[in-house]
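Both complexes below contain subunit A, partnered by subunit B and then by subunit C.
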Partner chain A sequence: MSPAVRAVAARLAHLLVVLALVSLAATLMLDLTPVDPAIVMLGEQATPEQVAQVHAALGLDRPFLARYANWVAGLLTGDFGTSYRTKVDVLDAILAALAVTGELIVLSLLVALAVSIPIGILTAHHRDDWFDRLWVVVSSALVSCPPFVSALVLVFVFALLARDWPVHFPATGWTAFTADPLDNLWHAALPVVTLALVLVPNFSRVLRSDLVATLDDDFVLFAKAKGLPMRRVLLRHALRPSSLSLVTVAGISIGQLMGGAVVVEVLFGLPGLGQLLVNAITLNDLPLVQGAVVFIAAVYVAANAAVDLCYRVLDPRLRVAHGVVA
Partner chain B sequence: MHRRLRIAGALLAVAGLTAVAACGGPAGGGEAPRNQLTILWAADATDLSTDNGLGLQVNAGVHERLAIYDALVALTPTADIEYRLAESLTPDGPTRWTLTLKPGLRFSDGTPLDAAAVKFNWERLADPATKAPSAQIAQQIAGLDVVDERTLAITLKEPNGQFPTLVAQSALTFIGSPTAMQADPAGFGSNPVGAGAYVLKEWVRNDHSVFEKSPTSAIEAPVDRIEVRILADETQRYNTLAAGGGDVDFTINANTAAKAEKAGHQVVTGQTDGGLSLQFNTAKPPFDDVRARRAVALAFDGAALGKSVFSGLVEVPETLMRAESKYFADVPLTRANREQAQALLDELAAEGEPVSFTILTPLNFQQVAEWFQSSVSGYRNLTVQVEAAQTTGQQLFAGDFDATLIGLTRFIDPYPALVNFVSSGGSTNFGKYSDPAVDAAARTIVTSTDEAERIRAFADLQARIAEDLPFAGPFYRMPNWFVLAEGIDAAAVPILNDGVIDLTRFRP
Partner chain C sequence: MTIEVAVTAPDEVTPAGKRSFAVWLAIAWVAVVVLAAVCAPILPLRPVDEIVDGLDPRLAPFSSWTEPLGTDSIGRSTLSRLVFGARQSMLVGTVAITAALVCGLVIGVCAGYVRRAVDRVTGVVVDAVLAIPPLVLLLAIAAVGRRGAGTIALGLAVVCTPSIARLARAQTLQLAARPHVTASRSLGATGLRIVVRDLLPEVALRIAPYAFLLMAYVIISEASLNFLGLGVPPPTPSWGGMINDGRPYLADEPWLVFVPSLTILLTVVSFTVLGDRFRSWLDEREGSR
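Our next item is the complex of A and B:
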């Protein structure tokens, strides 16, 4: 088995162990809550006979491990179960919500990278001058501002105050990209900016730090000595080897964004995974909670695994170290 | 280099498109022609079937159901019956009624809404296998006979002179297409088919639902499109309205209504009688003794509650019914009186029965329960505990409580809400209260078709309740408000029952 295949297999095994633990914990946690799913389904006026019927139908009268095994067996065949309240398929509900959360995450990452990379390059190139110092102050302020605060400020300024301005944005709501791409971007703007604001300080600082080190490397000095334009030195020679930490942080941020999306989706009333999870918890819709938690965990772990594997592509030294490239 | 330029170009294009959209967003601003109505509501329906909801009264899914099914009959804010899909619903004797439908009614799937369709719906509702929350109401029907296409003969198990009021306030008023129900029984709740002015075009759970004009409905749709947007958070709903994202914002928060009026919005109020009350479990100590009930009622200062918890914005009732109600009787509610309350508590303690009890409360009234607990901390011989639970129903049905805060006494017509709350065997009489005088009055209220006789019976009922106190309160009324976007006149928003917008008469 080649080292690369071994590395992928190891990450896959890690992913499966984490998922097993998360699913077990989610099921156990929900099992310990005092909410009776039969009451959730039938309402509070349900008779004891009706409650017993539902328990039997859902297998709730069986031992915990048997129910867990049954649920896992369902997961393996793509059956995440059915919502207690709405009777809709859990996987369908998750996938519908994922379209929103996925778009938010992708757009937030793109916006954050689009803003952070130029700032990172500028601050590294002009280290310790006024812009670099100003950015330290601005990024510190942004880091210390949680998403729920920035979301409220953005809504207040760009939705409420800007109501009669030429440029304004909605306070809440969502339109699917397939229904109306322009309206979709309009609705996504404030949530995406809210999420991106959390990422930009970290991304730009990480890139600056690595770039500063790279710019002192011999090969960069050599490139400068050859008389290459500074722009070319920065973008062609220094940026790529300095982007390893940025890729790591960006990959890990997918998980962070999943968490941030819960807050942002609730604050902006967006029908994404976060909103789905919050509603499911509020309404005691246990299969939906289980499904969403496992799904989010799977995405989180898969994103981290993908980041690990990306190192090998970006940094030839890792491949050399493992003997892949001779 | 070219690839980087393309990426930069794409990013610029996205930013540009967003800016273009922001300059004239489709839902942004109040300039959009009002051929559509966007209602901002607090909670989504679990489904939109005919059998899984309540009637035409404020609850999750009521506007959606009104759009899809309209209603056989509805209650007006003055507790009168309004015939909508039904032409009449007339008594033929104590237990017999005849329903006549308006001509030419069709479901949106093209099938007729006829007497057979009503029979199918009501029998389905009564079927225990349907597990409908309103099954008990439908089970009051003994038999249904289709006389002709538009006429249904109804036989009830017990005499009832107020059957139309019962229909209006229960799921009996919504009729779905039997063809669609039989074709996909499980999916009907997500793909409902009715004879209302609108058809469901899109439903994203817990986010929004969209309705468009029905091509087959006999009812004229005043706007082309209705959207019901779900935003659980009070501030979010108001901000969305203020930012131009909605036309009507539903709220039960007096602060929001006051803030909106101050900001220049017109506000429509859905008024109700009754309000939040403390129901006593009269089947066990301490509240099997009327002196304990009276002591607690005297100790509960509704006016102080209104000031401390609701900034003085709630209406603290003096009587059970509002003065505007046709069922108003000048029977004052028990007013707070510390000395009298303490004297009764001391009297009970001297007999070896100091009052100690737990208030069972749903989470939404927890603050009120805790306020009461702290407000009576200075009393001798009175101990109050609070048990807040997400769901209280099972404990209430089992009679496993001392006293409970409950909003069930919120109504326009006291039948069936108040009658069920206080009469022996009433479905919401969790405290097992039983009094011959109350039962006699309740019987008249239910069976009589003579309005004057009913009004007298209500007055008797209110007097007896004030004397015997099966519940304390109401401490405050529980109206709801609709905050209207700029440019919408309150007169354009007609209200049904306790605060449902009549979508077929909305003239923006």
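Our next item is the complex of A and C:
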């Protein structure tokens, strides 16, 4: 086995063990919660016979490991179970919600990159300039701002104060992209900006520090000495070798976005995964909670693994170093 | 909003003189919040549930002498709800972080010193916990437990432990190679003695700055949970809950939302500034050796 294949295999094995633990914990949730699913489904007046009947139907009278095996077998065949409340298929509900959350995540990553790459380049090129110093202060304030606070400020300014302005954004609501793409983007605007604000300080700081290091390299000096315009040196020569950490951070931030999306979706009333999760928790709808948690964890872990592997593709030096170690 | 963000070091080193002003402000603000939180029951404040007589609900801040921060959506004192909210937030934060520090240090130092199987097993468990985005894990724990401060503190401790364990493990690996550890071992010290006497105190000191950064993170998370209505049940005051209560009035009485928001923001920024300062002080101390 070549070292590269072995590294990928080790990564996959690790991923499987982690997911097994996460699903085990998710099954355990049912045993730990003080709420009886039968009561959730039947209401407080349920007779003991009815409760026992529901327990048998759900397989709750079986031992823990049997239930776990059963649930995991279901997961592997795409059967995430059915909601206690609405009786809909959990996987269907998750996939429908994922369309919204996925769009939010992709758009906010794009917006965050579009904002932070120019800022990163500017602050690295004009190091210790007024803008660089100002950005240190602005970005540390942004980092400390919880998403629900920045969202409320955005709603206050661009949806409420702007009521009488020619352009203003909706404070709540959602239109599917397939129904009306323009209206969809209109509704996505404020949530996406809120999520992007969480990422921009981190992205721009990472790019700045890598770029500062690259700009001191000999090949940059050489490019400048050749008489190339600074714009070309920055964009064509220095940017690519400086973008590795940015790629990693962008990949890792998918998990961060999943968390941020919960708050943003609830606040803007968007029918995404976060909204689904919070509603399921409020209604004690455990199959939905378990399904959503395991699904999010799987996406997050897979994204991290993908970033890890991408990293090795992007930077040949890492492959060699890893090859020697492995 | 992940722990990773809070923990990454700023590369920019601002001159010490410029920094100290911000540090003093941060110390002052944290002192005010902590004092208010500790002394809340003995301060001359109105009870949090009492509707203030003779004042309108949703009164703006600085418009009345008796209620300097105004009244909330149904006419309760904003100031006393803010102070008791601080008490709630600081209590949950301190309990969660103390628990996370103790668990994280023990796991990390053992994994880093004993290595082998212990390291493998804890490594996988830590990765499994980190595999769930922090806020989602927190929500899952809130879903299982009863609504209340205890569940939030437990959830936050679980969320914070893995990152402390990772940091502690990395520090232990470095320290275990130092001459004084080798010296202890050759003098016949047991593994337990080396862990307790030689490793734990130094690792704990190096991890300490992260406690401040985690505190900032914990305050945001606790406020998020309460904002989502999955934290402490009303009428117990909490910062996140106050923001949620004020939301319907955002258009006409924005202070209901922005007074608690500003309080959260200032507190989070202050803890971050303190953590950063503490860390660069430790780095200087390390560098001067």
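One rule holds in what follows: the second predicted complex is superposed on the first by the 321 of 326 C-alpha atoms of A that agree within 3 Å, B and C clash if a C-alpha of one lies under 4 Å from a C-alpha of the other, contacts with A are read in each partner's own complex, and residues count from 1 in each chain.
Throughout what follows, a residue touches a chain if its C-beta (ideal position, glycine included) is under 8 Å from a C-beta of that chain, and two chains touch if they have at least 3 such contacts.
Keep in mind it's a predicted model, so treat the numbers as computed, not measured.
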| item | value |
| --- | --- |
| First (subunit B), second (subunit C), both or neither touched by A:Tyr300 | second |
| First, second, both or neither for A:Ala52, with subunit B first and subunit C second | neither |
| First, second, both or neither for A:Lys87, with subunit B first and subunit C second | first |
| Partner chain(s) touched by A:Gly269 [first = subunit B, second = subunit C, both, neither] | first |
| Touching partner for A:Val138 - first (subunit B), second (subunit C), both, neither | neither |
| Partner chain(s) touched by A:Leu185 [first = subunit B, second = subunit C, both, neither] | first |
| Partner chain in contact with A:Cys310 - subunit B first, subunit C second, else both or neither | neither |
| Partner chain in contact with A:Pro170 - subunit B first, subunit C second, else both or neither | first |
| Contacts of A:Leu95 with subunit B and subunit C, given as first, second, both or neither | neither |
| Subunit A positions touched by subunit B in one structure and by subunit C in the second | 155, 160, 266, 282, 284 |
| Contacting residues of subunit A [partner subunit C, same complex] | 14, 17-19, 21-22, 25-26, 29, 32-34, 136, 140-141, 143-149, 152-153, 155-156, 160, 198, 202, 205, 208-209, 212, 252, 255-256, 258-260, 262-263, 266, 277-278, 280-282, 284, 286, 289, 292-293, 296-297, 300-301 |
| Subunit B partner contacts - residues on subunit A that touch it in the complex | 35-36, 39, 42-45, 50, 85-88, 93, 96, 110, 114, 155, 159-160, 163, 166-174, 180-183, 185-186, 188-189, 235, 266-267, 269-271, 275-276, 279, 282, 284 |
| Contact footprint of subunit A on subunit B as seen in their complex | 4, 11, 14, 17-23, 25-29, 46-47, 131, 133, 186, 189-190, 204-208, 229-233, 236, 239-240, 242-245, 390-394, 396-397 |
| Residues of subunit C defined as touching subunit A within the complex | 1-2, 4-6, 8, 10-12, 14, 124-125, 127-128, 131-137, 139-140, 142-146, 216, 220, 223-224, 227-230, 240, 243, 247, 250-251, 254, 257-258, 261, 264-265, 268-269, 272 |
